[in-house]
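Structures are listed in the sections that come next.
Here come two complexes built around chain A, the first alongside chain B, the second alongside chain C.
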Partner chain A sequence: MVNPYALPAVLAVTAVTVVIGAYGLRLARSTSDLLVASRTVSPRWNAAAISGEYLSAASFLGVAGLVLKEGVDMLWYPVGFAAGYLALLLFVAAPLRRSGAFTLPDFCELRLGSTRMRKLSAVFVIFIGWLYLVPQFQGAGLTLQTVMGWPYYVGSLLVAAVVTGNVALGGMRSITFVQAFQYWLKLTALAVPVIFLLLHWQAQGRPEVTPPTGNTFLATTTVHFDAPAVLTVTTPTTVTVAPSSTPRLLQPGKHTFAAGSDVTFPAGATVPQVSGTPDATGWLHPGTVPGGLFATYSLIFATFLGTMGLPHVLVRFYTNPDGAAARRTTLVVLGLVGLFYLFPTLYGVLGRVYAPALMLTGDTDAVVLVLPGLALGHGLAGQLLGALVAAGGFAAFLSSSSGLLTSVAGVFSTDVLGRGSVVDFRRGALIGGLVPFILSLTVAALDVSMVVGLAFAVAASSFCPLLVLGIWWRGLTDVGAMAGILVGGGGAAVAVLLTFLGYTGDGLLATLLHYPGAWTVPLAFTVMVGVSLATRRRVPSTVGLTMLRLHAPEALRPRAL
Partner chain B sequence: MTQMTQPPPAPGRVRIVLAEVARGRPTSTEFAEQSPVGDALLRGLVRTQLAHALRFTAIVLVGLGGLPLLFALVPSAANARPLGIVLPWLLLGVASFPFLYGVGALFVRLAERTEQEFTDLIERPEQ
Partner chain C sequence: MDPTASIAIGVLVLGVGGALYLVMGARGRRGIATPGQRATYSVLQRAALAARPLWNGLDETSASKAVRHLRALVGSVGLAIGDNTRVLAIDGLGEHHRDKLEAALRRVVDTQGSAVLRGREIACAEPDCPVRGAVAASFPGGGLVALTESDPTPGLVQVTLSTAQFIAAQLALAELDSSRARLARAEVRALRAQISPHFIYNALTAIASFVRTDPERARELILDFAEFTRYSFQAHGEYTTLAEELRSIDRYLTIERARFGDRLQVRLEIAPEVLPVTLPYLCLQPLVENAVRHGLSRKPGVGTVTIIAHDAGAECAITVEDNGVGMDPAVFANGSLSGESTRHGETEPHLGLANVDERLRAAFGEEFGLVVETGPNAGTKVSMRIPKFRAEVLT
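What follows is the complex of A and B.
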């Protein structure tokens, strides 16, 4: 059923983004303006903008979806997404701001004095940026498909076009305001509906999330299977399978439905279990994720250490006035992001009660979007709240992709196309937006959070060791850094591409490829340290001065820095 | 490239006498100009800040990173239901976020105090 308020809400968010972008446009004059807002952004705006930029489709839609599908083990995603900012605070925030570099490639050149290293890091910035942009466009397609019934590509195209235009014309100054606004919109869009949902759940006498006899359909529900599905039925259930209208009794046991089936379950029927998803006990208790402890620790490695290596996150730190402000900003971000992550879990949990059909189809990424309508009915309240979450979702896609695209376009303009002129930046934005848009249409529809998790794994295995060792260890050499990035980051990138191309094996190899973090991160660190020690003679002679620049409090800095 | 193939200057050992520093040697200039004394002071600052960062990392590694292992080894912890909510849900879904913020807030205070004390030490020669 189409929600009449959803489209106006989505268009309003998009229009506000464009209008504030246009307001910023008048202020954007030089490339420095475009890239880092000339470092005049106040810390409060900056922290809200960082959070607004960071909370993407993966956080807004994906976390709730994964919690609904897989249960408690998936909470490591939001915990890791937040903890990444603590790692950033502990090891990177202040020194990176003091380095004065604009982008990751700038940092490489400044610390290691190597142009080749600069080019290599540019390649990884673009790879990670694209990997992370794809799920944003996916999320936009899914949202308009869910709330409007429109074809998947419409939402992807809308977000890709708006973001590319906005970034190409306005750059980062404009999106600082947009993204600060979008943090609060996203928080409101999840927090307000969840209050109504919890009150409704309370008023209904708190139906159990995992009843011992299994969840039941609250209303007559028709489930459309896009892919063949094997359902395990526990109690005899009478269903109808379109086009036939004669009821069919499913006895306890396994039943296979072909792709394209429409199966209608009566109200009160027990929800069958889909093969490959955990049962109620497995959902409720940890340790059931495929891949076991190794997968959990891989996720922890990737998310805790990946945040600092995300290009769009780092570029924001250059807008702080000094190192101490960068630290405080990071702390505020940690608070804002942590506050936000209290809510997606509740959607995932309540989804078991009110949106069990999603567990059958696997379209769990839509749970945030459909829950208000399913729980509160299609009256005014349900529709308005449904429109609010759709608008919040669009805020998430727009803000994250703006930040990502700004970084990708910046690197394109300075390291691939030319020397960073405004025209190069605009051409970079066009290329940077087009490629992930095409990918979002062609790549298999993986879970949004999974794709983002893989982007984190690549970042954690490439830029995390580069930053941590580059900032804290004088012995890092250009050759060591390149070797570490090629082996660790390259390993993670190959694993991601194989997962993207649909490699689904089982056993140890599949676990290693689907959850690369736990082996690629230590590998990257080891190679980087080992090769640096072997090429000790290549430590830049200026490393002492660089260390001074990175670590000396501003009050003691020589004027020349 | 030629500049990079040269070996880095040997660090060497430097005695720093705080009394001397306090008596009015122009330390802030030395610090900025990377004299042996200045370099040694900087190495000390970096080492202190890194030690803080690693200590806080250890707290998070034990406090959060130990949870999957704990749940795997002690099933009763994974099944406990304080406040009617299964413990892992409560710890990961709610408690982890204030915990991370608290660790971060303590670190910021410590890092700022370290820098302040360091700045005071260097700038004292004015007396």
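What follows is the complex of A and C.
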């Protein structure tokens, strides 16, 4: 079911993005406009831009998919993604802006005066950037596969190529306005269809989201299994399994379907349950996810503390004129991001009613994309709304991955390849785009939000302790910071790599590796404090001056002469 | 595990590993080299590592960073480095000899010479302490003491003395660096006082022409003029933000437009992301002044000044362009950019450029100078790049 309006919508989004990016500069033609042009970006614009850059494929597609699949436990994802800005607001926003640092390596150099620490943080910026770029390309592949029927790798390749080319050639000049536009586009793309969906749901007499007897298929549905699946059938169901057209009766109990089979369920049939996902009661009750409470706490640690370590978010704070504006911006971001996350959750809930087939195949990340079509039918309204959602999703990949790739390429050009020339930046953009593209082709099995959650875990166990201790504790030394990042961040990075490798053990070790946040973050803090205390003599002699700079309002700043 | 996944992981691991390798500068250490080459390499490598902290001057932080490498250079069991009053850092053995080291240090610093210490002068009562002798040497501003397990050999004396000379040279470099910075600061102050007399004269006559016909406008112009001079003479700080600088340029252009009227057109293209960028005071304004004065005032008809500030990754790219008479690039080539020479009895047209160029280089590094593109009757375009962050450059 290819949506004929999706391709024009996606192309329009791409074109508008590029045009605003190239021509949306503040142009002034008379001297009186100079004052306007020299006015810094207001916190509202800046906040919309930060939100636009931040709300990625994980937020746009992944959250709804996880809610559909796992239930209420997954609400911690949107809560954490938004609440990360609270930690940022409380501990980091204003002091970081006052420091004048543009990137995280800059901050390391300023606070710790160590070139080696600068290099180490550059490596982590690149690692986190790549990890975060992978799900963006994954999401793009999934979107074009779902709405256009193209092979998975085409979408990844397309977004990777567009973004890499644009960043390498410096096409995004007025990035703030592009990203602010993207935020409102994404919000509209989710909010407008969900209003129609809710009205439709209301008109249908509000079908239950978790009926006690299990969800039912509202229409005749053909489910295609890419991987072998074990279904638990609770009521006798008559299905047809392609290629044979003779109906087959499934008795209550477990049934195995081979990879590649197409199973058609009649309308009104009860949706069977896939092994490994919660049933209706489990969906509604917390604590049923794999990994249990430990996984939930890990997630909370990672998302609450990881936001402050995301390179593409911190870079945007530089646009604020001063610390107070940075704080106001963060506050607005909290509001904007919080508003946005209301909608993916609703898609996940409604998906249980209208898109139960996704629960069978595990492609729950696609729920946002297919829901308008499934619920409202494939008439004009359904297709237009579907196209709007696809366009919004595309905006999500474009904006997040441009921001991430710009950060990664910037760090490549200044700290790895050379001293930051344009050629270095372009080479950095090419390398920075290629690696996550290759990765995105191979980790297709992991949920988009899961991968992003892992990126957050690495950020939370490396840069969060560095920033919080660096800003609020004068005792932090370069050796302590390095040890903390290597142990905590390195531990999280190893856990992530093992998860990527497809390590699927059982028991405690697997839980620790798949959900590293709850042990790596405290570990990083402990090591950082401990080693700093042991190397107390290496505290930079200028730490008092640096602290004054970070914490005193700009007007009180001592002027060097 | 499926093979594509392992390829992907391989790529990621190789990528991160490669980045680490490049970053940590671990390349090219091994290779086919003679023992002599390897020795030269390792000594120079150590010396470079020891030198870097010393370029910040001699204090506890820099001493504790440098002392490890200095000890490796000297090849002694322990090494202490101190300033004129006390020991700043000790590496290897010798922490419990601190008092004796301090005494030795004072001795050589006072005489500005060197000393060889034996027996009681340096050894301690602890039975398992291997320290038997030491060599102390001074350099301007401090001294160092190398500890040895045997009687000090002439070789150790020689090495200690040349290490002291090496430290002295590095500290002199630090001194040179800071005097260069002081010079740059002095130049900023000098430039502040350099608002062109022509401009003051022209501005006041332009304002005077409005006093009777349009007193309100004359008043506003005087206020603009006052604000402009206040910014130019501001006493504190050597850095400002691009936003502030543009505001001052706005006042300047308002006054110039009072004089030129519609003959002066201004076109701006400012990316708001780069407005908070920190740059030296008055390093853009002279370029605009230059564009107006030499690009337009000698030319009939309408002239346009274009100011562009773009975001370029970790840098900000600024250009100031005019479509005026331009100039012969040879003028720049023969060194008159320094602004000292005169031609046809008048001041060179690019007086401010040399100053701006020097100050940019002093603040951000040699690669951040001005780039001037010009030709007779082809207008002039002056470009600069400003890094968004430099640890030394803080407002």
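Going forward, the second predicted complex is superposed on the first by the 537 of 561 C-alpha atoms of A that agree within 3 Å, B and C clash if a C-alpha of one lies under 4 Å from a C-alpha of the other, contacts with A are read in each partner's own complex, and residues count from 1 in each chain.
Here, a residue touches a chain if its C-beta (ideal position, glycine included) is under 8 Å from a C-beta of that chain, and two chains touch if they have at least 3 such contacts.
Worth saying up front: this structure is predicted, and the values here are computed from it rather than measured.
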Which of chain B and chain C A:G268 touches, first, second, both or neither: neither
Partner chain(s) touched by A:G335 [first = chain B, second = chain C, both, neither]: first
Which superposed partner A:T345 touches (first chain B, second chain C, both, neither): first
Partner chain(s) touched by A:L90 [first = chain B, second = chain C, both, neither]: first
Which of chain B and chain C A:I126 touches, first, second, both or neither: second
Which superposed partner A:L110 touches (first chain B, second chain C, both, neither): second
Chain A residues touched - chain C or chain B, whichever exceeds: C
Which superposed partner A:T442 touches (first chain B, second chain C, both, neither): second
Chain B versus chain C as contact partner of A:P228, first or second or both or neither: neither
Contacts of A:F102 with chain B and chain C, given as first, second, both or neither: second
Shared contact residues on chain A - chain B and chain C: 113, 537-538, 540-541, 557
Chain A contact footprint on chain C (complex, rising order): 1-2, 4-9, 11-13, 15-16, 19-20, 22-24, 59-61, 64, 185, 236-238, 241-243, 246-247, 249-250, 253-254, 257, 265-273, 275-276, 278, 310-315, 367, 387-389, 391, 394-395
Of chain A, residues touching chain C in the complex: 25-31, 33-35, 37-41, 100-103, 106, 109-110, 113, 116, 119-120, 122-123, 126-127, 130, 170, 173-176, 318-321, 406, 409-410, 413-417, 419-420, 422, 425, 431, 435, 438-439, 441-443, 497, 500-502, 537-538, 540-541, 549, 557, 559-561
Touching residues on chain A, where the partner in the complex is chain B: 72, 75-76, 78-79, 82-83, 85-87, 89-91, 94, 113, 284-287, 293, 296-297, 300, 324, 327-328, 330-331, 334-335, 338-339, 341-342, 345, 472, 474, 478, 536-545, 547-548, 551-553, 555-558
Chain A partner contacts - residues on chain B that touch it in the complex: 3-9, 28, 31-34, 39, 42, 45-46, 49-50, 53, 56-57, 60, 64-65, 68-69, 71-72, 78-79, 86, 88-89, 92-94, 96-98, 100-101, 103-105, 107-108, 111-112, 115-116, 118-119, 122-123
